[in-house]
Amino acid sequence: MNFFKTTAASAAIVLIGSTAYADCGLSGGNVNILGNEFGAIQALVAGAKECANGSVTVESNLTTEHRDIQVAAMTANPAQYTAAIVANSSIVPLLNEGLVRPLDDLIAKHGAGIKKNQMISIDGKVMAIAFMANAQHLFVRQDILDQAGVAVPTSYEEVVTAGQAIKDAGIMEHPFAMNSKTGWNLGEEFVNMYIGTGADFFKPGTAEPAINNESGVLALNTLKALADLSNPDFLTFDSNATQALWEAGDVAIGQLWGSRATGMLDDEGSNEAIVSNTILVSAPTVGGGETPASTLWWDGFTIATNISDEDAEATFVAMVNGMRPEVVAANNDEAVWLADGFTPGPAAAGVFATASGGARPYPMIPFMGLLHSALGDELSDFLQGNESAEQALSDVEAAYTAAAKEQGFLQ
Amino acid sequence: MPHRTFFWFILPSLAAMFLFIALPIVSVAFQSLYIEHEQVLIEVENCGPFGCENETVVDAEASAAIRDAEPLGRFNGLGTYFDRGHLAAAEISEAWASRDSFGGFMSEVMNLPFYRALVFTLTYTFVCTPLIILLGLAIALGVNGLPKMLKGPTIFVSLLPMIITPLIGSLILFWMIDAEGVIGKTLQVLFDDPKLSLKASSTLTWITLIVYGVWSSAPFAFVVFYAGLQTVPEDTLEAAMVDGASRWERVRYVVVPHLMPLVVFITLIQLMDNFRVFEPIVGFSASANATSLSYIIFADLRGDIARFNSAAATSMLTIIGVSILLTPVLIRTWRDFNRKGA
Amino acid sequence: MASLAQKRSPALAVLATSFVILWVVVASFPFLWTLWGSFKVQGDFFSKADWTNALWGTRTILETGDAFTNQAYSGAWIDQEFWRATLNTFTVVFFTVIISLTFGTLGGYALARSGFRYAFWLLMIALVFRAMPHITLVSGYLLPFFEWNVWGHLPTSIIVLVAINQPFTLWMLHSFFLNIPKDLDESAMVDGCTRFQAFRYVIIPVMWPGVITTGLFSFLLAYNDFAVTAMLLSQENQTMVPKIASFLGSTFEEGNVMFAVAAVVSATAPLFVLILFFQRQIVSGLTAGAVKG
């Protein structure tokens, strides 16, 4: 995995090129950025806004609802937003409708500071520039593991044994936690587990689902074993709940989002004893698989199709200005940055280990979102012990098939 | 009132509703009959920070050409209404054909998302609505009997459950009922069960949602009833007393009949609102055990890929459901109207 | 009020009073708990370790040195500029209520005075309109609004909220006008007024209680709305509820839940004032109005 080396090495380049972008050199254009609103994106957009001058306007709309308005906003002509900040999954609807433009010529002209591994290319055309990465990985409490006499697990089978050992030793009743809230979160847990088996979600070249197989059953049974080690409320657990559990010291092993690590390692909400014993390691493998059972995520920006070339150019330059090394260095702990200027801290260790272990990116397949929704809605019956794994998987396939037919992916 | 005057008076209201509700409903109804065009898929190599993969993508150009020719999509008739995500005609008939018992058939039906949601929606509606009316009436009677100076503050406090944004209200309550939270712990002590968790079982989740629904809507019924109580004719009550009617009999035979029109009004509004129950399900993270029609719509629209056609079909089914529920109430209103008109 | 009919036996009085006390506790406890907790840190108010932390502020003392902190309030109001959202909310709510009531009184009056069948059917259709889930409506608005370039502005949200609110407003006001004797405006018309003049000089002066009650419900709808405002307003025009929702964070990113708690408590304050102010009217308004159903 090459992003580890390049990013670590790039910290040295910070001092060079510092004022290179200070004046964006734009003569005109309107920039309007749509994105989620969290620290890293706010920093980036603030950097982009430095490009505003008498003839260039830079505006933004950072909102948690960005995903739900982006398609409509960029379908309009001219598009309401010139740039949309997206992730692996939310770029898909924009690609499906052809709402974002290839960036190759802009990169050739203004993209000297962009590294190859930041470019998201589809069929050879760069459609997005990534600036940060994220993944779910294991959080473990070293003190509890030592007390129970188990090593840091590297596979889910070991996680289950370790959890059982902790439970049997009477240290904790529910030693494991994951984001298993019904809906998107639960779907993501299955996707992570299933991708760890190395199997494909769809029959190659088609939109037909292919998860009702041994790998699917293995993934589900592993999830069930983990759920049995979790608090009985596990179907309501989102990141906020699992983070609170972790900070309260109620959990010894957790498969949680890397982006939450900074908050969990700070001195708020938790005790020194818990924080100092929290270590971040790679997501485990499953069923003898070779790569970590987790999906890698990126956040990046795209540029709208339905805008003038001048606006597109201004947008590109402003966005590149927003992710220049000084901005990244000044907001080092806000994210696991892919852009130059990042010095990986302890909070990034888990994401790095997972990526270095060869975990696969979350699939950018047009119909993946439909399967993900179906998984999220149909798996809770199985985890509650109300139906068999095969039944649950065939329910998922049936729900997905209905959705995919309606969206024109299946006939 | 002459037709022309009526028209001018109602015009602004009608225009607003026509533009922003009627037209969208027509458009939603249309879209529920269509599905997306066949997507042109091609396999390409995608690269990113984590390496390259061969993945399927939509051929945007080819797909756009098809879309431009027919922007609405492919006509599907009532197909969407009867697919697995909605009325599931094929699945139901198959389950019926292959049933070994009625229970087995029902469990297969309950495995379908629409029916699972419908059962909860109807249960919620029919349990909450009467409870809200009864509780609202009881509070109104209680508050009405208070000394005057206490009435003001009590009314104000009684309105609290209604005025706090449901989004955050249910979030805070969700933490309070957690097994480690103040209400959760209290219940554990009360029921003498240290493992009691309101979030873990279906039954308890349903009860929690219904209790929340009653708690948050009772103030509405209370305000309306309290106002109605102020107009109960004193002389009738006194006459009833002179006739030797007990307190209970006075409530039963004088107060309640007087409030009957209000009961109709509250029933109408509450049936409709409860049938569209949504916020508590999200606020209490209850979707594992309880979903509603509105929740299905939400899930369809807020996924990574918005399924507008599917949401449109569910929305139309919601409207039909509400219409069926309200029919008895409406027939009553129709009779009243005719009586008044006569 | 101490009329004969209101007297009751002591046992019943005790029973009724204790029921009211119980209700007051049930209704206010979550709010009081929130109010108290809003002066604590997140680790206390949302404690997984021990709920009594929220009472004593164990972690609050540890993290801030005092059992009470106004961190959440200063964070929400100063750092996150919650006041902007407050101003936007007031604009939206003010105009929504005014326009809703203007449209609603005209329409409701017409419906109440028309003896024709179509008035009934209009009321019925309005009810069916009310049955439409808001989220579907809003998703349908997005594309046209972007294309006409009206998305994101306060007036757009206001008119949408007015429209969505019309069915309820019409129903309430219609039943209210039914209660105002027909003779009142009809005798004015016999004296030579037009219908509108009769409405203007005879009906308006007596309609206030009902209008204020309806206005309060309109106010609550606009004030608490999330579905419409979250999707139709741009960031600088964001209102309070979507802003509060954005404090909660997402799956990936940690939010500032305490900011949301403090903001919710703050957002309730204007409602207190309003309800105290209009308490009498709410009650008298409904008295005059909805009684005829």
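So that you can tell them apart, the chains are marked A, B and C in the order they are listed, and the count of residues begins at 1 in each.
Criterion: contacts are C-beta pairs under 8 Å (C-beta built on N, C-alpha and C of every residue); 3 or more make two chains touch, one makes a residue touch a chain.
Since this is a predicted model, take the numbers as computed values, not measurements.
Asker: From chain C, which chain is the farthest off, judged by mean CA positions?
Answerer: A
Asker: Of the chains shown, whose Cα centre falls closest to the middle of all protein Cα atoms?
Answerer: B
Asker: Using mean C-alpha positions as chain centres, tell me how far chain B is from chain C in Å, no decimals.
Answerer: 18
Asker: Using Cα averages as centroids, what's the distance between chain A and chain C in whole Å?
Answerer: Between these chains, centre-to-centre, one finds 38 Å.
Asker: Go ahead and note the Å separation of the Cα centroids belonging to chain A and chain B.
Answerer: The answer is 34 Å.
Asker: Tell me, which residues of chain A touch at least two other chains?
Answerer: Chain A, residues with two or more chain partners: 68, 184, 238.
Asker: Among the residues of chain C, which ones contact at least 2 other chains?
Answerer: 46-49, 139, 245, 248 - these are the residues of chain C that touch more than one other chain.
Asker: By residue number and range, which residues of chain B touch two or more other chains?
Answerer: Residues 178, 301, 306 of chain B each touch two or more of the other chains.
Asker: Going by the contact rule set out above, which residues of chain A touch chain B in the complex?
Answerer: Going through chain A, the ones touching chain B are 1, 3, 67-68, 71, 88-90, 92-93, 95-98, 117-124, 130, 133, 181-184, 202, 204-207, 231-233, 235-236, 238, 296, 298, 338, 355, 359-361, 363-370, 372-373, 377, 380-381, 384, 387, 395, 398-399, 401-403, 405-409, 411.
Asker: Residues of chain C touching chain B in their complex?
Answerer: Touching chain B: residues 1, 3-6, 8-9, 12-13, 16-17, 19-20, 23-24, 26-28, 30-31, 33-34, 45-51, 54, 102-104, 106-107, 109-111, 113-117, 119-120, 122-124, 126-133, 135-137, 139-141, 159-160, 162-164, 166-171, 175, 178, 195-196, 199, 213, 220, 224, 226, 241, 244-245, 248, 260-261, 264, 267-268, 271-272, 275-276, 279, 282-287, 289-293 of chain C.
Asker: Within the complex, which stretch of chain C touches chain A?
Answerer: 41-43, 46-49, 59, 63, 139, 142-143, 145-147, 149, 151-152, 230-231, 234-235, 238, 242, 245-246, 248-255, 257
Asker: Within their complex, state which residues of chain B touch chain A.
Answerer: On the chain B side, the touching residues are 35-39, 41-51, 53, 55-58, 60-61, 63-64, 73-74, 76, 80, 83-85, 91, 111, 113, 178-179, 195, 197, 199-200, 284-289, 299, 301-307, 309-310.
Asker: Under the stated contact criterion, what part of chain A meets chain C in this complex?
Answerer: So the residues of chain A in touch with chain C come to 36-39, 60-65, 68-69, 72-73, 75-77, 80, 134, 179, 184-185, 238-240, 243-245, 247-250, 257, 259-260, 262-263, 267-270, 297.
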